[in-house]
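As structure tokens, here come the structures.
Common to both upcoming complexes is chain A, partnered first by chain B, then by chain C.
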Partner chain A sequence: MATRQQTPAPAAGARPDVRDAVVVGGNRIPFSRAGKKYADASNQEMFTAALEGLVARFGLQGERLGEVVGGAVLKHSRDFNLVRESVLGSSLSPTTPAFDLQQACATGLEATINVANKIRLGQIDSGVAGGTDTVSDAPIAVSEGLRRALLEAQHAKTWQARAKALATIRPGDLKPMAPATDEPRTGLSMGEHQAITTARWEISREAQDEIALASHQHLAAAWESGFFDDLVTPFRGLTRDDNLRADTSIEKLASLKPVFGRSLETPATMTAGNSTPLTDGASTVLLGSREWAESHDLPVLARFVDAETAAVDFVHGHEGLLMAPAHAVPRLLARNGLSFDDFDFFEIHEAFASTVLTTLAAWEDADYGKNELGLAGAFGTVDRSKVNVNGSSLAAGHPFAATGGRIVATAAKLVAQRAAETGEPARALISVCAAGGLGATAIVESV
Partner chain B sequence: MTDRYTQAVNSGFTKTLAKKLGLPRPAILRRYRAGDPLTVGPVLVLSDGASKGDADALAQALLGWDLDVRRQPTDDVRWGAVVLVLTEAAAPTDVAETVLAAGSVLRRLAGNGRVVTVSRAPADGDSPALAATRNGVDGFLRSVAKELRAGATGNGVVLTDGAGVDSTSALATLRFFLSARSAYVDGQLLRVGPTDATTGSETTGRRPLEGEVAVVTGAARGIGASIAKVLARDGATVVCVDVPAAGEALAATANAVGGTALQLDVTTDDAGERILAHARERHGRLDVVVHNAGITRDKLLANMKSAQWDSVVAVNLAAQLRINETLLAAGIEGLRIVSLASTSGIAGNKGQTNYGFSKAGVIGHTRATAGLLASSGGAANAVAPGFIETEMTSRIPFATREVARRLPTLAQGGRPVDVAEAIAFLASPAAAGVNGQVLRVCGQHLVGQ
Partner chain C sequence: MTAEPLRTGDGTALHVETQPSLPGLGGLYARGAAASGRIAAGRALPGLPGIGSGRSDHDPGAATDLALPEVAYRVPGVTTTGLARHLHEYQRLLHEPVGDTLPAGYLHVLAFPLATAVMVRGDFPLPLLGMVHLANAVELRGPVRVGDVLEVRAWAENLRPHRRGVQVDLVSEVWAESGADGGQPSWRGVSTYLAKGFELPDAPTGDESPRADWHPPLPTGRWALGPGTGRAYGAVSGDRNPIHLSALSAKAFGFPRAIAHGMYTAARALADVGHVRGDAYRWTVEFAKPVLLPGTVDVAITPETDGFAYVGWNGRRRLQHFCGTVTPL
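And then the complex of A and B:
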């Protein structure tokens, strides 16, 4: 293992002409399983609540921030300005600009990258990144037939034309279309895609259940220790993530029936216990330049060092849908002159327990390193005791766009705490897979 | 939380009916609003012969507050306040003329008017006659307060240790009693000691807590949220503290007052350090701490479980002690601590042995802490609310609640803002001469002093 340097080496990818973007802190609402506590909460209400908690924590009332960036994966068309509307409903200055972006489950991390980059370039001094998602309040669309008929009727100039347009509606057109998370190009759900990847890497059911168990135990311990006291603000009477099962056991997890990969030749291993549940929630991260943080007497948890996104060809190629981070991380680390040994924490989003395991296995595989990553051999081995030490999405739940903000704030606080304890710099690697064969990864480092 | 009876007897047909039937008619109390006059009418300043010099000095100060100050009782005025200066009265016979003169105008005291006595506390070495005279004011004031009607109140400034009648804290206390900020304070005598020259003046135009940083525990809801708002109104930057589970309401309070939210259980070992660090790192200083966080776990002692006793003592008393230790060790110049006591801690309350112990304990540590803070220009005081209309008291059964409301002289419950105003007054730099005191905000409740 490489010896850790006293001060972080100037990263290979560091640009001397850009300044640092730092993470000041974060705030999210507790995550709630779909259809429960937040069943009738909208994305805008949840994101506004997360923003309000952040404003209260850092005393940002009336403050004009450089930008608020966030988004939602499942979004009503009326929410075209979701983040801006949330800002207007918050205690921030109404002169704070905002925009929506969306990169599936990587939305929150991509928003963070965006804000950090603007800060690094000096375009803004401060900003909030985040995301929100509700499966409970998801939009339901009308059929193509009904939609076309209604649009035609609206454009019609005479009542006869309008009647003619409406007459084309057939009973079958009236069936509402619920949102689907299936991949548009393969028709397979994310779980079915991952089941193929899981089988390919021969990930066992036991290994997956162990990841799930650890996630619940770590998250429960983090809540007990007060880790989230300054990262979460309760919402609608919910004070903790309600998917968390502190008392779950390997036996309970082992008793669950597989739900994905049942049509494969190999045994199905993915259950409701080692897959993330559908979840509602919202999260935010406050970033700024060092100068901005200092002039506002705000703490600095970590530096947002660098980020890399990747995409894989899961449609025509042979790579797994959720394997993009496996490609992004080697490029990110190479650019920054770092190896796994330089990291104290690994925050790998648990879309499924097997996502974590297939990613780690890919990095340890020499053939994969050569053939897929273009390296001389295996990329590296991650010390498993450093992975998701305070739990991740299997326990907390996964409101798609809100997960990135949860992870960035958690990672920033982890490195800050570690650096305070040891007096040495600490680093965390963040990896988030996303639909469409996408992945976003990032490095945060204590200051 | 609405007191329908008070509304009914003050408006429309039910008002006429209540008058005819001779029903008790609790008044609509006048509360502070920016821009409103200090008193509802002219102020009559009376004194015995020996106290004339003090009365002159006081009258002069009142003129500086743009009040219409008179020295002779007349019949053509609706009086806003009567101030009785009895500081130099030495024998029981000295006060008769003054109190009877005050009595002659009481029928012309306006609704929400004020009667304020200014006297000296009996001290060691006083002659028996002097001590009798000085202590007599106490019984006089408490009795006259019970005779006042229509929202008028009676309170007393009691000077100690040779404090000047026009010293900063004496004037600040007098101003508080005259103002609408003391709406629900009735029948109380507050001891005021001398203040040094550096104490801020009450009469300067600037807000009393401008530039200062205040911490309020239990700030998410009810009285705590109201305290945060009033301290912010008076110029303070407020750190709002409450348990993490109350975070949603806490954030709303913090955002309403432009302060910061600190989700923290005050019973944790390092609560004091974390409060101090937050205040200093985020706001650069700490000037005021309001120990408001409190819980009730009512049970008759015969049925009391250790969890019920322990949790109440831990939150209401032990947490305050531990935080104060940290604050005292930090050696903060001019620190003012205000703690929430309760009339239950003074007079006792059935089913509240744990609560009564904790709140009387608060009074005990406040008196002891006062001495420790005095040397650094600080002060520790307590406020003891009576029946306050909150979410918590709205859950008391109707009949019990109605009785609790009508028992005090003012015949109604107080509002959270009434407690908050008293705390803001005690937290203000001008009140520095008030130290180790318990101010009741109870509408002159029947029980206890």
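And then the complex of A and C:
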């Protein structure tokens, strides 16, 4: 495999000057379709529940952790210290620091990268990374006109000036503004953006429906086999992800009407079945140094090896909105001296079925490799049987900031299980696309 | 109040009349006068020959006598010091970055009322209301900033036949009074208007050449334009033509609903191109089907060898609304 010129690095991300950060475990609440079981649950309630479940699972009551890092994509301004407030509402020691972080759908993975880096540098010995999102309990804002008038009135020094400011309010200004998932710079929704990328890469409806079907089947099998027994804590009476359709079929998926890309020249292929639904949920991952895990008598699932983020120029369509991971992974693998053959699992976030397919197609395309990735040719081909083996966001749902934590915990447990079965090291690649043309990717490895 | 002669594109010498201030919103804002939404056109409407009348009042035989007034208006000493707030309102509405540099579309808003004043003169041969804005071409040769003192000039030129009537160019210029522009205006805009139902000698025959089947490109953006889009741009630009303000007032002029200002759509496209356009650029637009409000416009911004091309269309009906270019100079 061709690689970019990089500073020569020792194999598999070993850095003599930093120590390992390991994944101890994870805990999330079941994900729920928007407006259902968690309709009145706030971000803080959900994140606190996920965190408290993690504390209970690993006996961390009263423990002062190094840091808790997480965030929410749709966040109310009153939740400025969402994660710290969740810590104070948990049974962790109130002396545990925390901060909020946000990188759209990559929030959870970026939080993990952050905690892992602090551990690797010796700044902290332990930490929790995660995220939470609710579409059901999303903040509603007032219009720009009303907001500006109210602010101006508040800043006014005389009652006349205040009255003048308030007099600028028009009836139309009183309409509340629900948060939109449109890209601010283009006005296109994420689905419309991906429909354009899908058309460019000529991804078929059938291929997308197959990805969706596999996601449901794999996630259902993972639930059946008990894979999530030590990764999920029930919440509000929900014990499993309620978007999961174990009995769905290729015929059922094929019967759905396209919802995105309907005004394009090419046939529309993206449906509610092969796109993620709006979802509520929260997830957490516990990380630490090996020494910390050992001294607390805790298991170690995997080493969090390295991570790479990327961003693409999507505004005028040079690159697809959700294609940043296609750029991040070649850089990540080059730095670590790895190729696709070195991986046992690929966790590619299914924002849409076609996101997985366009990413895989880009890596297999020689022109793309040359022109976009700066390589000698195609980057490589992923063995499709290694992709999202326990299901992903199409089946589980996608509470934006909570997806990263779900994937990291799943990947860590997968490599731990595989290594235990085979006695050989196992490795997983994680890829998460995000709004704003962003992407975050990471490597986890069995210990 | 006459300055040195000024010539049109074809060399016609114009009599320069110096005006004390810019008509319309721009001048009112600049001079801090009481807010008034009336544009120069509105003020001058009553008693003008032919205004709002279209073809019925016009004797086709007399059409060959159409001639433009050989006059240019000039307003020196236009101060921009008080414009920051108005500029920022414009920038927020058009999705321009908020700052103290005047985008080319804002200079159009500032200068165009003077061109409108030319169009509402008693000797201007065409009716202002009912004229169709066909195209616009602007050159911004360098940054104009809040605080600059400007001279604005405007005249009409190049009356020529069009297959549906006659077209005319309204030229406006913005000069920096510091004289740092090397004998060139900082900004120059040419707005091409069509007056339907008028005739000139040598007019081309009325057959419309069949339009090639147009296929929309992949969009790079989508604008969801609310019903108040025309009112909002009307408030900022001073162009309160009734066809933009409400469905009811637009119906009176034969439109099913209010339509977006052409310059609003062109300025949104200019803003979409973003900072890569630089401080000096040429910006053109040609208008096709009007954008009905509320409405959704699909937009594609495409890099070209020397700049950007843009096109806006209705995604459902595959109808083009406008197209143009932004070319860094």
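Everything that follows uses one rule, which is that the second predicted complex is superposed on the first by the 431 of 447 C-alpha atoms of A that agree within 3 Å, B and C clash if a C-alpha of one lies under 4 Å from a C-alpha of the other, contacts with A are read in each partner's own complex, and residues count from 1 in each chain.
By our rule, a contact is a pair of C-beta atoms (placed from the backbone, for glycine too) under 8 Å apart; a residue touches a chain by one contact, two chains touch by 3 or more.
The structure displayed is predicted, hence computed values, not measured ones.
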Worksheet item: Mind checking chain B and chain C on superposed chain A, clash or fit?
Response: fit
Worksheet item: Is A:I196 contacted by the first partner chain B, the second partner chain C, both or neither?
Response: second
Worksheet item: Between chain B (first) and chain C (second), which, if any, makes contact with A:V135: first, second, both or neither?
Response: neither
Discussion item. On the A-aligned overlay, A:G53 touches which partner chain: chain B = first, chain C = second, or both, or neither?
Written reply: first
Worksheet item: Looking at chain A, does chain B or chain C touch a larger number of its residues?
Response: B
Item to complete: Name the contact category of A:Q61: first (chain B only), second (chain C only), both, or neither.
Response: first
Worksheet item: Touching A:S91, do we find chain B (first), chain C (second), both, or neither?
Response: first
Discussion item. With both complexes overlaid on chain A, does A:L188 touch chain B (first), chain C (second), both or neither?
Written reply: second
Worksheet item: Where does A:L264 make contact in the superposed view: on chain B (first), on chain C (second), on both, or on neither?
Response: second
Discussion item. Taking the superposition on A as described, I'd like to know which of chain B and chain C A:D230 touches: first, second, both or neither.
Written reply: first
Worksheet entry | Once both complexes are placed on the shared chain, angle at chain A toward chain B and chain C, C-alpha, multiple of 10 degrees | 140
Item to complete: With both complexes overlaid on chain A, what's the closest CA-to-CA approach of chain B to chain C, in Å?
Response: 44
Worksheet item: In the superposed view, which residues of chain A touch chain B and also chain C?
Response: none
Worksheet item: Given the complex with chain A, which residues does chain C contribute to the contact?
Response: 92, 215-216, 218-224, 228, 274, 298, 300-303, 308, 315-316
Worksheet item: Touching chain C in the complex: which residues of chain A?
Response: 144, 172, 185-188, 192, 196, 199-200, 263-265, 315-318
Worksheet item: Which part of chain B faces chain A closely enough to touch in the complex?
Response: 240, 244-248, 250-252, 254-255, 258-261, 263-264, 268, 281-284
Discussion item. Under the definition above, what is the set of chain A residues touching chain B in their complex?
Written reply: 49, 52-53, 55-59, 61-62, 91, 226, 228-230, 232-236, 239, 297-299
